[in-house]
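Provided herewith is a single structure, encoded as structure tokens, for subsequent inquiry.
For clarity, chains are labelled A, B, C, D, E and F in written order, and residue numbers in each chain start from 1.
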Amino acid sequence: MTQAVPALPPPLVEDAVGRALVEDLGRAGDITSAATIPADATATAVIAARQPGILAGIDLAAATFRQMHPAIGFEPVIADGGPLEPGAVVARVTGPARPILSAERVALNFLCHLSGIATLTRRYADAIAHTKARITCTRKTTPGLRALEKYAVRCGGGSNHRFGLDDAILIKDNHIAVAGGVAEAVRRANAFAGHLVKVEVEVDDLDQLEEALRAGADVILLDNMPPEMLRRAVAVTAGAAVLEASGGVTLDTVAAIAETGVDFISSGAITHSAPALDLALDIGIEP
Amino acid sequence: MTQAVPALPPPLVEDAVGRALVEDLGRAGDITSAATIPADATATAVIAARQPGILAGIDLAAATFRQMHPAIGFEPVIADGGPLEPGAVVARVTGPARPILSAERVALNFLCHLSGIATLTRRYADAIAHTKARITCTRKTTPGLRALEKYAVRCGGGSNHRFGLDDAILIKDNHIAVAGGVAEAVRRANAFAGHLVKVEVEVDDLDQLEEALRAGADVILLDNMPPEMLRRAVAVTAGAAVLEASGGVTLDTVAAIAETGVDFISSGAITHSAPALDLALDIGIEP
Amino acid sequence: MTQAVPALPPPLVEDAVGRALVEDLGRAGDITSAATIPADATATAVIAARQPGILAGIDLAAATFRQMHPAIGFEPVIADGGPLEPGAVVARVTGPARPILSAERVALNFLCHLSGIATLTRRYADAIAHTKARITCTRKTTPGLRALEKYAVRCGGGSNHRFGLDDAILIKDNHIAVAGGVAEAVRRANAFAGHLVKVEVEVDDLDQLEEALRAGADVILLDNMPPEMLRRAVAVTAGAAVLEASGGVTLDTVAAIAETGVDFISSGAITHSAPALDLALDIGIEP
Amino acid sequence: MTQAVPALPPPLVEDAVGRALVEDLGRAGDITSAATIPADATATAVIAARQPGILAGIDLAAATFRQMHPAIGFEPVIADGGPLEPGAVVARVTGPARPILSAERVALNFLCHLSGIATLTRRYADAIAHTKARITCTRKTTPGLRALEKYAVRCGGGSNHRFGLDDAILIKDNHIAVAGGVAEAVRRANAFAGHLVKVEVEVDDLDQLEEALRAGADVILLDNMPPEMLRRAVAVTAGAAVLEASGGVTLDTVAAIAETGVDFISSGAITHSAPALDLALDIGIEP
Amino acid sequence: MTQAVPALPPPLVEDAVGRALVEDLGRAGDITSAATIPADATATAVIAARQPGILAGIDLAAATFRQMHPAIGFEPVIADGGPLEPGAVVARVTGPARPILSAERVALNFLCHLSGIATLTRRYADAIAHTKARITCTRKTTPGLRALEKYAVRCGGGSNHRFGLDDAILIKDNHIAVAGGVAEAVRRANAFAGHLVKVEVEVDDLDQLEEALRAGADVILLDNMPPEMLRRAVAVTAGAAVLEASGGVTLDTVAAIAETGVDFISSGAITHSAPALDLALDIGIEP
Amino acid sequence: MTQAVPALPPPLVEDAVGRALVEDLGRAGDITSAATIPADATATAVIAARQPGILAGIDLAAATFRQMHPAIGFEPVIADGGPLEPGAVVARVTGPARPILSAERVALNFLCHLSGIATLTRRYADAIAHTKARITCTRKTTPGLRALEKYAVRCGGGSNHRFGLDDAILIKDNHIAVAGGVAEAVRRANAFAGHLVKVEVEVDDLDQLEEALRAGADVILLDNMPPEMLRRAVAVTAGAAVLEASGGVTLDTVAAIAETGVDFISSGAITHSAPALDLALDIGIEP
């Protein structure tokens, strides 16, 4: 398979785009284009990158123009996950000028936001490419955009953590405290979970780690451990569980964390604090 | 009036929170808490800041806990727009432990995202507080969250640009090119717009500025002009229109731009590239 | 530009039509056509006017037939805003007979309601065509149909007032009373509003008018003033603000009001009390 | 039972009100009240009639204020269906001033529109009160508001025709033509319809009427017949079917039609062309 | 007319399918196919029956594949209502392999559920085919699927009872008790109901039946009467009202009930307890 | 913890109930109760079982009455998962009579459908209670009700398989064929899946089983194997993977399958073919 990132489910794309268009068009639509552009003017445009980065969201851009007007043609040039250089043409857009101008900002808002996430993810991924570790996201996403942002993480070469409270068990300190310890919490989780649900447990030290291993957790979250302790955790675990490191992860620290031998490094920042990537629509209009 | 930022319309709050909860709860709900926390356990928690910043989104956090379970008590301590120091308690949350844990992430995702925008906005606002200029947002917002993000800009002391394509006219270079010039574009806009709609036009140089002034634009967007040209634009305009500067606006450049005498400085970065502010839920549970 | 009225945003059209179809089809659909019309019968129909008037809503009619069945062809003959004589063919509809019959009433309900508004608006517009005044609508619209009804006002040659509580400031008597006077209310509004938001203030007499002018309101609403007082208001204002007259506006009084020199005359009646225009579907069916 | 008009189903009320509020609040909410009214100001208001008429929509008004802010108190004074004199207090509203002002227009839009329908319906009902005939509505309603408008017809003393294409069969001329005659169309309808579905057929003359009677139609629609022909139809029918007259129904003609002895007289005008009834909110605010 | 069962209204089909797809795709879509099937693989598949039965839901299956991907071809082979033998090909599906696999389960869930209802209905219908009685459904349907399930009943040769609380009056024992008797309850119903609404009343014995007949009920529900009493009820009624029997209806008893001469026999089991019919997708994939 | 089945997420409950009420109330609401029951009548009612079984859906019933009218009191007596004997009182309902009657059928439809699933699941669970195997559901659920039906499975003592296409990987024969074998398919799945996602693979014989074990699948689906082969599969696996048996599972066969030593036995029938459990509302009304 040459395409690394399978497409978003079409119903999710259509729904997100429909909401965004209604949000921007409001009750009267694009009154500027209505006032200044003849109804029969046509346009030829390209979406181009203005910064280097990784593309994400091309299907959302396509759907934005299509929903705005069926006569708009949209030809993608670069696939999601593809690298962008400044000036790189991402897609070509042709058709009636008014609806192209009306759809421009919504299409770019999707592309810039999601490509920003993909680009930051890729920077983390590149920083640890010499190790076996993979960068992974969290549930710290923008409300309403989780599926899209997690898709952008995949476009950037990252891996996805659970998508919600329902698709995996992640036992944190509060759950452990109430349950009366790591072992009992994992036991309750295994008793409760269906057989297609993984159980992860957060541990703060090596004692808890050994307790989690004995309890049979699938994944163990090593929270805020310094590299040396992570290294010892990797040795103690010896492949008996998947290890995920979290806490204090930045572009400066991620390589050292990865080199300890952990399997995954999770970062909220790649979704909640990625700056937008600069893309723009360059357009020529025939009145 | 002591409260600087009027509340978001309740229906918008309820709708955004409802979507976010469904997104996170998925089809099975919070299986971790269900597995590990007794149904009758109760909790006392505080939402606290871990970074200095400006608060935004407290009503969304309140609605998140309320929608999750009517028995949860939520007592706000700091109002939106208020300054946060590390450790500052933002709100107190008490009630059944399971739904408090289930709602935690959604509530924090709203608070961290919106407070991030408010905090970055405030940094720009502070940088130009010695001038008459105000920082203002754009339509470069996260799809689906425009009303919330623009509210966060107000919490940070910023001013709002138009909310969509429909509530003001903003004539850009493409509109001008098709219409045949600034004057004709503004004329068409004034002929088209209702009397409660302002007309803004983007100009690239002083010739266009003078044409826009003669045409009677309400607001003129000075695009990518160096400070010296902005200063001349202010002098030429002499109060006959509101002046907005855009392009190349960063925390390093914004003061110099503001000191030219323009009225507004617009920045997409305050909404599309604001890093999340770190807030957390500290919780004690009685099993 | 030859087309006076730019199209409604497609997402608004599709959503309104979808709701209306579901409302009429209910849970079992068109049981009369199902019972009496063969599944393979075809029909040729025209939508025709039975009264003189102004057309509005042709895109909604088109979307109604398209959503009901993709095989229905819809060819518009007259554009929105165009004049109708009794018998005038508005559109041709061809295709499978059952869904054409099923969609008939919804399509006509849109056309008759919106053309009714356009027609009444045009009567007001014609009555003041010898003046510079324009007729404008209010927020007194049918719940859920504001964008469509304001569009119909434009089709009838009217101008649009604000679309909601959020896109312009309109200070009324209660706001003034609480704020402590016209000047203070306008000052608060200007301090609060973004630079793309116009501020209108309602005044009852010439003293308030002068106060409003001094305060720098963009638009002044002259409420329930007799023509003579309106004339004096126009003279006092001398172009320093846009003037809107309201109150007691009927087809009998509107010319006298317009002749005072005001810029806009607002009427709730053109949206909330316009009788439907009579249009019908004439159909021939081939069994 | 003293209450003539049972309440609308609460879920329909809540949904209609929610949409209307979002439509009016837009993305920024009521910026005028936010700018000019202190957050802690309280208000005491009454909704009062300014015209004589019949009330409809009080539950929608109540829900509008409740959805806008839970602290608003709403006390209905007159029940739907009750007569209104100018000045009559319909309801009392107390609580925080800002949300009361924000909800005012939506609440009034429901009340004025629906009371307008109830009032016009009552005028028709009064005009035929000396006969056994009842006025009934059609499917010519405002798209999206059918349930509400049909409820308003009941408030005005009218009777409801079918609510959509699915809850009764109404065979019109086109169905008859395709089916090959009245008898065959009614036969198909009876064969198709469930036993809880009534079958009505439209006839143009007495021959068709006799055919419809022989075919066993439940209800016969006498379309556009002059009073004399209606009278003969009543005699021919002799109680064997319910008779509904339609066409040319106005306040001037309705009594003569009713006096022919028909059971129902249907009018599209009572829903599609009823002018709004004037009601207003009189408010006092404590800053 | 050769087609016994008119199609479901398209908007109902599209909405039900859209919800079902979102439910199954969740937030990440079909990760199995994404992982294992090349993006450019194509597939040829047939939907085939594995049990004898009656088909229902083919339009829902078609819409499922279409909504999942516009490039999927769907060719129906058997129409709804048609009989199925094991192995019978119901439809052919061709196109991109991934979305065909992703849509398979949703399409089958519709077909198996609705065909199950149609098949059970047909068994009842066949059991009484030698009588004039017809089997009819109730409001005991799966929440959210009433229109679809009632459609499946029609596909199976059954007749539809009312679709909701609003489209017919059905007076049960509690209504009778409060109203003070059958006669008074029917009188109230006739006074309240519009002329397109049928009135049915439930009776427990022959005295109540006679009271209901005198009161002029359109339909009388004979509740839980043994065959002998049903026979007497038929004789007493003598065609003056439609008779519906309910209670104790099984495949073993239905013929005896039908042979009493009642017009309709209602069964909740045909909708709420019909086992799914086994259909499957047989697929060949070209990688 | 004494409560075996944690509650459904409240937002899912409210949404499902809201849809079901709108579906049943239609456009005019409960016209029978409106016609026959005085507005001020009150009622006392109990929901009672008429068959032995397992309860599921009590929160949905509570929400149905609450959404219909806030003045209705609902007191649950038996918790979901609890056993029912004929006559057992499940809940008490008191308040205004009209809305209680209007909500009755929707509340019962939820309870009867979900309790039917819980009851059938419990029969399977009881049949294998002497083994370590657990009964588990599939994705063969009623469209739109998956979360509710999977919840009902838990109420009946069953375990949940994956909730959709997105929360676990299940490699079936077609995926294997295209990928080129079990090993390659599992390899691709492991490479693609996030670390919180389990990978299950379907195998037809013991060779494939050994290949799946070597490839490191988390769960192996033994499809349509006779008990003897299942027994050999258990021996070969020796605890290295979770084993799930499917195919030919009935109440007659399930014990023999369970006794082979497999971990899970999946059945579509417990969701798609469970007959409704009979519950009813017994009501007394005070006029």
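Note that in this section contacts are C-beta pairs under 8 Å (C-beta built on N, C-alpha and C of every residue); 3 or more make two chains touch, one makes a residue touch a chain.
In this text the structure is predicted, and so the values were computed from the model without any measurement.
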Chains in simultaneous contact with chain D and chain E: A, B, C, F
Chain A to chain F, fewest steps along touching chains: 1
Chain whose Cα centroid lies at the greatest distance from that of chain D: A
Euclidean distance of C-alpha centroids - chain B vs chain D, Å: 43
Centre-of-Cα separation between chain C and chain B, whole angstrom: 32
Of all residues in chain D, the ones touching two or more other chains: 23, 25-31, 33-34, 38, 102, 146-147, 160, 163-164, 166-167, 170, 197
Of chain A, residues touching chain E in the complex: 1-3, 6-12, 15, 146-147, 150-151, 160, 163-164, 167
Complex contact set, residues of chain F against chain D: 18, 21-22, 25-30, 33-34, 38-39, 67-69, 98-99, 102
Residues of chain C that touch chain F when the two form their complex: 23, 26-27
Residue ranges of chain B touching chain A (in the complex, touch as defined): 16, 19-20, 23-38, 41, 97, 101-102, 105-106, 108-110, 112-113, 116, 139-147, 163-167, 169-172, 174-179, 185, 188-189, 191-193, 197, 268-269, 272-273, 275-276, 283, 285, 287
Contact set on chain F toward chain A in their complex: 136, 159-163, 166-168, 170, 194-198, 200, 219, 242, 244, 263-264
